[in-house]
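A, B, C and D label the chains in the order they appear, each numbered from 1.
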Amino acid sequence: MTITQPDLSVFTTLESEVRSYCRAWPTIFDRAQGSYLYDEDGHTYLDFFAGAGSLNYGHNNPVLKRALLDYLERDGITHGLDMSTTAKRAFLESFQNVILRPRDLDYKVMFPGPTGTNAVESALKLARKVKGRESIISFTNAFHGMSLGSLAVTGNAFKRAGAGIPLVHGTPMPFDDYLDGRTPDFIWFERLLEDTGSGLNKPAATIVETVQGEGGINVARPEWLRGLADLCRRHDMLLIVDDIQMGCGRTGPFFSFEEAGIVPDIVTVSKSISGYGLPMALTLFKPELDIWGPGEHNGTFRGNNPAFVTAAAALETYWNDGQMEKQTLGRGEQVESALRAIAAEHSGASYRGRGMVWGLTFEDTARATAVCRRAFELGLLLETSGPQSEVVKLLPALTTTPEELDEGLRVLARAVRETD
Amino acid sequence: MTITQPDLSVFTTLESEVRSYCRAWPTIFDRAQGSYLYDEDGHTYLDFFAGAGSLNYGHNNPVLKRALLDYLERDGITHGLDMSTTAKRAFLESFQNVILRPRDLDYKVMFPGPTGTNAVESALKLARKVKGRESIISFTNAFHGMSLGSLAVTGNAFKRAGAGIPLVHGTPMPFDDYLDGRTPDFIWFERLLEDTGSGLNKPAATIVETVQGEGGINVARPEWLRGLADLCRRHDMLLIVDDIQMGCGRTGPFFSFEEAGIVPDIVTVSKSISGYGLPMALTLFKPELDIWGPGEHNGTFRGNNPAFVTAAAALETYWNDGQMEKQTLGRGEQVESALRAIAAEHSGASYRGRGMVWGLTFEDTARATAVCRRAFELGLLLETSGPQSEVVKLLPALTTTPEELDEGLRVLARAVRETD
Amino acid sequence: MTITQPDLSVFTTLESEVRSYCRAWPTIFDRAQGSYLYDEDGHTYLDFFAGAGSLNYGHNNPVLKRALLDYLERDGITHGLDMSTTAKRAFLESFQNVILRPRDLDYKVMFPGPTGTNAVESALKLARKVKGRESIISFTNAFHGMSLGSLAVTGNAFKRAGAGIPLVHGTPMPFDDYLDGRTPDFIWFERLLEDTGSGLNKPAATIVETVQGEGGINVARPEWLRGLADLCRRHDMLLIVDDIQMGCGRTGPFFSFEEAGIVPDIVTVSKSISGYGLPMALTLFKPELDIWGPGEHNGTFRGNNPAFVTAAAALETYWNDGQMEKQTLGRGEQVESALRAIAAEHSGASYRGRGMVWGLTFEDTARATAVCRRAFELGLLLETSGPQSEVVKLLPALTTTPEELDEGLRVLARAVRETD
Amino acid sequence: MTITQPDLSVFTTLESEVRSYCRAWPTIFDRAQGSYLYDEDGHTYLDFFAGAGSLNYGHNNPVLKRALLDYLERDGITHGLDMSTTAKRAFLESFQNVILRPRDLDYKVMFPGPTGTNAVESALKLARKVKGRESIISFTNAFHGMSLGSLAVTGNAFKRAGAGIPLVHGTPMPFDDYLDGRTPDFIWFERLLEDTGSGLNKPAATIVETVQGEGGINVARPEWLRGLADLCRRHDMLLIVDDIQMGCGRTGPFFSFEEAGIVPDIVTVSKSISGYGLPMALTLFKPELDIWGPGEHNGTFRGNNPAFVTAAAALETYWNDGQMEKQTLGRGEQVESALRAIAAEHSGASYRGRGMVWGLTFEDTARATAVCRRAFELGLLLETSGPQSEVVKLLPALTTTPEELDEGLRVLARAVRETD
């Protein structure tokens, strides 16, 4: 599609080699609206990546935009540390009324800093403080963040190696179906906990994603999550659900763990919580765990008030009834049906997912990268995931229309065909 | 001043006990402009805290606001991961042209995630990877952040204890004048490095703040910084300057290390870099250190494009000539002169600082807290710092007018008098 | 049996509470010969514990005693650091000629200090240095020693807690049959190694006991050991066999791994290597692994020359032909047959073992302790093992005669009956 | 002296490259008596090394030899785990009556395993358990052993690197006079402890040698030791004196800390405690620290009964009165006087020491190795110490006669002259 090569020189000469997505999408984006991005040469891209799940309501959602502009125009507090502000109060009240209360969730809310890894770091600190133990259980192919605490419970060997120090105090356990159903759930995990001779340092907590996005769209069954919650309870470990990517409606309900009927001790929320792609994160926990001292964890940007404004607007706009959840499940069926057709057409292809998060994988592990590259040429933004980048990951905005979905799925089908 | 007690119940019941600043300032802020905040009951507060140094150009600076509104209105990319965007390009070009090139600084730019601790984590990772060593030297009373990597090189025992695991791989050395001039600079540090029997794990890097803000406004002399840079060079350690709070003009020049004439290997920048209080951070390093693999460190909000927009506007507005630096040094003299008068009037009081960062301290360590409390009642926002909160910290916006400065300094003098 | 209570006051008042075996055997031993100990009140005890496997040739074996007395009388070097001595040369030559060469084992010999944990520490250091990785795989219910390096790969939670620091860099895997045959061997271990997203730090080595003595007499099948050796080879990990308790003929052949036909990269040897109960240990490794620098690991008592003398005498006396192995297997059958009878007589009892190491276990986990207590009263020394002390452990000297074995096994049977 | 080259092939081909002392002394030793060793070619060597301080009463001391032979001949218990035995009782009673009681020392006695590093590991574990903290303070150029716990508090970079993992939880402080008197004692250490912002993890304990043997014969002044004891008391840290090499009379009194008049909380003892060069070690601690659980730390050879026999004999023979201490101080003066003469004769030479431990050092750091090599050729065994092997270390047996001392000191003087 691209005719003239964009001039990327300032990026390639001045920006660090660490940059990544921009390598797969060699153009310069300028504007975005809803499900589409536009580059400066006027090309249009349908976005099935949605800021890695940070843009569940689409780019520059007009309702949220209006609230944001109004707030900025009237000189509402922008940077608020952890001061009490009217914007923060409005967010807290909405979160209480729209999200927590209807779900009977009695959580304290912490603003740990505006990124997901801030939330994970605070969750791990709190769990360790509450239980007085260092060890945390994570799962194979987990992704929880890039600061040292979060990285220690993240699976990817390349990212772990970046730490430059041995990552310790974390032990991986098999995620659901990791061993292809050849072993009973939790047989190894529970035996380690029961046996005082097992050599496992008794864990403070277990941290889990209900669907592993970066790990390859691995979907935990509700019964597996219930089994895990039960195991944690019986062995005095806290259960932390990292809902940074799968929360805020990505799988259908606001929290991804609702379907399983479990109530985690600690929940991390970020990415789409601001609704507008602005940095914001929450750590939620049961009130009896709130043993923090004032300022024991903090962060300069934990009071990003413009994000509170769009976050409150998003909650009030989309979550006051069950409509959004229903719509997401419906659109998910549309995606699933298209993937089913692709898989039927291509031997070695398979798919998995839930709500509006789906993965398409091939026996040939290099195929996913090729599919995404071709899709980009065809004007569709898609990324891979999984330890070998072997999965095409679909994360369209929840507000993507059936027509847009259909358009993107057709491009995907074509990209698959054209990479045979 | 406050007549009716504000209703803080949603904060006290729903928000975690970890909140801190809001406890000292028990009101609900609503709007802000320049050097002033306004609470919802219509009270006005002169701000000598400036978002802990994140608002060097004042609250909702009108020039930056205009740029931000324009960008949002035209649906510029909001959330950009590390995609190439026109907003990012504009920022990079401004940073190159306005900051790096005139200072002959040849740095690669990394967007490590939008908070200071993201920048520090990435700096430590890179140093460890480059040198193949785990150990980092930090300084007494350093503050570098709250995620585990940054916390391990932070001095405060209360915050360190929050980690819930033993913090290792870091060794503190005495900051400038820590031992009251009773020992030669670096005598201990250098001996440890020279002696293969010393027991010090050979460090990958040293991380330092030129002025320790959280640590109590401890100002390193330029010759001490030069000695440190020389020590690092001679002993094959990287020098990391954490300029998160002291950079962006806080001490006068754009980078706080310019006065000493040193060129750190790695620099962390955050807080005021966006200019508008929006989350944004940079890690700068010499090109030969750029051995990152693509995506080896990342973060969802590392492409906070609205922040790039205000950042570029701030650079173009304030740093195209030497005016800002000159102004800051002049205003600093105004502050110093007022503090000198206060110290002369109160036995046991002393002060220290540089540019627009100053500390006022008392022999009675509880006094600073009392002064800040009284100042709040008088409509002035001030915070304490130091290991025992024994220092009144002055961080007015760089754009504070002489008249505003004068007003605040008079309130401060009164608060000191009234807490005798 | 004991009529008068022995006066243990000097032990109970002066010695630390850490003492353990002496609590179960409340008498004062004075002399010992062959399979018997004698207390100072003239009582006789048949020893089925043999110094926890350090006295494979019985107490004060007369052949070794003669060699030792001769050496001491002629003022042979006693304490030799790592000097070359005639006694060390004689041992090395015997070890080469009697043990290594006939088994086609090409190992370098290291004297790491005279205790088992010295050998394990040196083995782990060497593996980490060779592979440049920190992580070590150990097995559930492993016991490798009490210094920090060894303790980190030991399973017992009580002993681990004694470290006072979090024990890291080790990960436990399921020992043979740990999950009751409900999962394929190594399914979890291998998947973790294959999957770069698993979160397992790539290990330098795996350390294993072929029979776990302290862990409860858990016997690894030869095919499991072969599978493990194969896994290590395929995944570039060193295989360390800790043969401290099971080597020196305890299971039949000199090395316990011979039956499986594997050749470990590193072997630790201690306990019965001196033959006389004197402190001595060896670390054996393939020549290509010998990348130690001179003195990189050392220890004051690594040249315990009297132990070299008895060790050489033991090798020459017992291992010049296959007689000892044959005899051990025969005596083992005698033990097994007696245990079979006991198990048949008592529901809930079961047994396991190999060569001259056996375990008798009961569904009632408290029973083993009761049986050992009763056995002591009847003049038989037995200890428990296993994470809950639920296993009666039989470790008679290999030189125990059929008649002595028969005597002890009858006492054991009686003790079992009398604790019903 | 050596005419024919000894055949060292079995050592060079079969033993690991880790061997060290044997490289400097390329001969094969066979017998030893008192202050002399004899190689198998009939050469005689005067020993000024004494098993690195393990042979304070000379080689194969006839009194201890008699006791040992009697014990072995009568089949006394050889290997006793931690069983109560008559030999152990006799040792405990002697230790109580001859050592502890006359010095008013109320210590519990632990047998932690028979090597120095076992004792250090147990001391560190206990300190951490008692205080509930991980961090230990050690000193520059300390040597405490080679297992991981001990190595982490040892200074030598080469030996530390052998660990293969980053050694953490230890922080070095300057030993007495480390900074050449240019700083007040403990100025840095105490400031770190007082300042809650210093970044030092609060230590459980400080471990110190009163004279650093391996570290270069660095002698702590009594007032420095008293200052340290006082600092520990005031800051709630345990004081551990590692008296493994300097105890048992090496510096004059039985414990090297007696001269300073301090009472450590924990003391480690090994090397010369058995008196005969047999492996044995003790950990002593104040009764209120004895919170060990039974078996929480153990070791197979912790009941090396032959060593208890020679240990008791040594105490009864040499320590029943003050004669030994007096004699050591006298012989020390003889050594000092000879070293003074050498230093006077050679510019750049200096000496230091206490009792019967002395160091001779040269400005040319390579000189010490040359001196020791020449001394060996002249029939005198000497070793170097210090981080660069820059110190000739003199550790003659305490029983060395004035004539033998004189002989050795003359050889030393000649070796120094001949290496000019």
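Keep this in mind: a residue touches a chain if its C-beta (ideal position, glycine included) is under 8 Å from a C-beta of that chain, and two chains touch if they have at least 3 such contacts.
Heads up on the chains, UniProt names are A, B, C, D = Diaminobutyrate--2-oxoglutarate transaminase.
This structure is a prediction, so every number in the text was calculated from the model and none was measured.
Undergrad: Of the chain pairs B-C and A-B, which one is connected by the greater count of C-beta contacts?
TA: A-B
Undergrad: Work out the mean Cα position per chain and let me know which chain is farthest from chain B.
TA: C
Undergrad: Please compute the C-alpha centroid of chain A, do the same for chain C, then give the distance between them in whole Å.
TA: Their C-alpha centroids are separated by 50 Å.
Undergrad: Which whole number of Å gives the spacing of the CA centres of chain A and chain B?
TA: Between these chains, centre-to-centre, one finds 30 Å.
Undergrad: Based only on mean CA positions, could you tell me how far chain B sits from chain C in angstrom?
TA: 58
Undergrad: Among the residues of chain D, which ones contact at least 2 other chains?
TA: As it turns out, chain D has residues touching two or more other chains at 134, 158, 165-166, 169.
Undergrad: Which residues of chain B touch chain D in their complex?
TA: Going by the criterion above, the answer is residues 134-135, 138-142, 153-158, 160, 166-172, 174, 178-179, 182-184, 187-188, 191-192, 195-202, 215-216, 386-388.
Undergrad: Residues of chain B touching chain C in their complex?
TA: Of all residues in chain B, those touching chain C are 165-166.
Undergrad: Flag every residue of chain B that touches chain A in the complex, lowest number first.
TA: 6, 8, 10-11, 14-23, 25-33, 37, 40, 51-52, 54-55, 59-60, 65, 68-69, 72-86, 88-89, 92-93, 96, 108-111, 113-118, 121-122, 124-129, 134, 145-150, 152, 158-159, 161-166, 169, 204, 270-271, 276-279, 283, 285, 290-301, 304, 306
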